[in-house]
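You will see two complexes here that share subunit A, one where it goes with subunit B and one where it goes with subunit C.
What follows is the complex of A and B.
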């Protein structure tokens, strides 16, 4: 059954998977274009600055892949009002688990693409002494970010529209409350503590923040 | 006949030599007189300049004292910490107390007793709100209402300025001694300078103390590029010092040999011909500022006075005197501070990975156990 679901999901998401894999493979290669074996410290600082700018691409790609995969996977079920799923002779928890695992299997391709690109770029680049490539750390981090993004949106998509509405409503309420507080002239900040909570360790999105560097000191 | 001729020739030669020597000594005397006259003029000018500076300082001091004594009387609500007084038009709309306290602490920590003379004159701020009221006093510095403490501290430090530094120390440092507020960022940047910088910087990073001194140019050697740089560094330095279109025709051959043919002797010769101030230095001014800050921290309140006491002494000796410890100790402390400020890591710690996996497990369980499925 897993293979059937996997094949079905591949048909639905192959465009996302192929494009995501190509992008993940290309980003590390493009990010190291300015590298040279000899750099003065000013050039090295500029190079690391450029690399840090490229670093935004990794969490963005991870987040986009997670969202697109999760939404695309559940779109046919939502369109068919889940009749097909309900008609299957398997417990629904098992059905969801299989779909989740199939989704993760497909997402392994972009993660592997990034790892391949990162290791290839690291092997071919000339770097000055003092700078080192970290392809393994970057690849693991990317895989973890994809896993978090996919699981979150898979969870939301698997739920009812009401669940998604409640989550979105909560986020919107926070933003509106903050706007009203600022308009009232108070210094109270309710948004930042929440954001800091989810974006800093041990928050769920801490993996997306920080320096995503293929090459560093 | 021949003897008479020889004698006449000798006499003529002697007369000519005496005349030339006389003319030369007269010329030398005239030049000496001119030099003496110029020296006397320079001394007079220096004395006048010193008198003028003293007068200006005295005038500023008097004006400062008057402003200080009248500020409270005129109900201007001055904010003062130590000797630093700030008068603002709307002191409550900016975090003035915190900023003034912070600035005074930083000034005292850096300049010691000299901070008093730097802050002789109270600083005046005019707080500008969104309604853009005109500034009443042209001497006031306009600052926006709602300024953060950090921004205000930097503004006040800019207004206070830095004391004059002698030419020798200023040449080595690249400017005047600055107050260092946040050394964390500077240390992180210096980490990169050492880790991926010149040969001496990299060796210093690896733990060779002598190379730290070379990277910091503590010897004040004008040919530092021979010791602090390797061949690649020298070529990079040549390229950084002159773009190809900026090179004089006479220097083109040397430049091309260095840049295109990688001839190290040509690079060294080119750098030597540039003059010390045009040769890219192994470390930035920030890194040297950090060294001075380290020495001042080690030396305590009177360290700045000791640093500036003898303008003829070598920089390393002055740093050692200021810090009260050998220069090598100051450099070692400087290096340790930089190494401790390694930029944030590229990976994520195990605890972070475990926490993330925990969140993934939680969300996945929520997906499997969602309402939709339990309804079924």
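What follows is the complex of A and C.
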């Protein structure tokens, strides 16, 4: 069953997987080679500065891969109102687990692509004294970010449109409430504590924030 | 093992306020071909989805092949071949891929027979499901349902909108399978003449209620139109049921639509003062239409047999 689900999901998501893997492989290579070119004419600080400008690419790519994969996996089932899936002789929890595991398996390709690109870039570029490459740490962080994004949006996509609507509605209510409070001239801030709770450790999206560096001191 | 493949007891299901199934009781004898009739929106597809565990009832009990539904639906579904009203297969998979994908979920899958059916149905193995014609999609769905060697086939309008040749091919394969395996078939359709040919039991739904549940022969032979003169006002004591009665134009007689009729009942009508002038046979379609008409009339009453 797992093989069948994996094959089917590959058919649906192969474009996302292939392009995501190529991008994940290319980002560390381009970032390090670009920074090394800058260093030829400048300083180590310039090297780090240039490298840091690529940092946003990693969480963005991880988030996009997780979201696209999760949404693409459930779209055909939603289109068919889940009739085919529900008529299969498999408990619902098992069907969802199989879909989740197959999605993770496919996402292993971009994670591996990034690891390969990071190790290759680290091995082929000579770094200024005092700087060290962290390809393993970057690869693990990227994989974790992909896992978090995929898991969250897989859960939302697996539910009904009503569930997704409730979640989006809560988020929208929060934003509107903050705008109204600000317009009323109060100092009350209800948005920041929520954002801090989500984006700061141990919040679920903490992995996306902070510096994403292949090379650091 | 139960003598019924499907048992539904006092089933209630509601979709907001738009539609309800109320207190539905239904038995499908094991080994029978049960035709499920009813106008659009009468609750046929909803009942089928409840039987398969795709929907959860508000009240009542469903048992399919001895398994409680929806609690044991996955176990029951291993033994059920289902052809849905609209085919929901992945449109990107080719015919052979769709067959392979489906086969992974059924331990009893008969690959050799699936291949023979594919050839008999003339399905191109490399053609994507999304590019098949309506008839080819219907054939593929029937192939998938049959090749898993089910004990129960649940077919939701499987041949509606298909041309006669495709319908003949599909029903031929179905009847071959049933003859060999003594499987039960639960089939809904608007094609009443088609059901008349193949079914040995019939249920009629209307407005979320089962208005008839009877053997096909009894339904066909028991539904008659009588032309009666001097018919008694009170028909409750008669051994058959009068569903509707209306005066014939200018002839002084009445036209009665009756069910549970048998020729020997003419004497009971005569004893009540009625003069039976003619007995007119109805085919299944006429019987079905008249039954619905009587059920929807002002003197609406339960009509379970």
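The definition used in the following text is that the second predicted complex is superposed on the first by the 208 of 217 C-alpha atoms of A that agree within 3 Å, B and C clash if a C-alpha of one lies under 4 Å from a C-alpha of the other, contacts with A are read in each partner's own complex, and residues count from 1 in each chain.
Rule of thumb we're sticking to: contacts are C-beta pairs under 8 Å (C-beta built on N, C-alpha and C of every residue); 3 or more make two chains touch, one makes a residue touch a chain.
Note that the coordinates shown come from a computational prediction; the quantities given were computed from them, not determined experimentally.
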Clash-or-fit label for the pair subunit B, subunit C on subunit A: fit
Three-chain overlay, vertex subunit A: subunit B-subunit C angle, C-alpha, nearest 10 degrees: 160
Touch count on subunit A, higher of subunit B and subunit C: B
Partner chain(s) touched by A:100 [first = subunit B, second = subunit C, both, neither]: first
Partner chain(s) touched by A:86 [first = subunit B, second = subunit C, both, neither]: both
Contacts of A:1 with subunit B and subunit C, given as first, second, both or neither: second
Partner chain(s) touched by A:134 [first = subunit B, second = subunit C, both, neither]: first
Superposed arrangement (fit on chain A Cα atoms) - minimum subunit B/subunit C Cα distance in Å: 5
Intersection of the subunit A residues that touch subunit B with those that touch subunit C: 86
Parts of subunit A lying in touch with subunit C, wherever the complex brings them together: 1, 3-4, 7-8, 11-12, 76, 80-81, 83-84, 86-91
Of subunit A, residues touching subunit B in the complex: 38-45, 48, 82, 86, 92-93, 96-97, 100, 128-131, 134, 137-138, 140-141, 144, 147-148, 151-152, 154-155, 158-160, 162-163, 201-204, 206-207, 210-213, 216-217
Interface residues, subunit B side, partner subunit A - complex: 189, 191-198, 201-202, 205, 232-233, 235-237, 240, 280, 283-284, 342-349, 351-353, 355-360, 363-364, 366-373, 376
Contacting residues of subunit C [partner subunit A, same complex]: 49, 52-54, 74-78, 80, 82, 84, 86, 88-93, 97, 100-101, 104-106
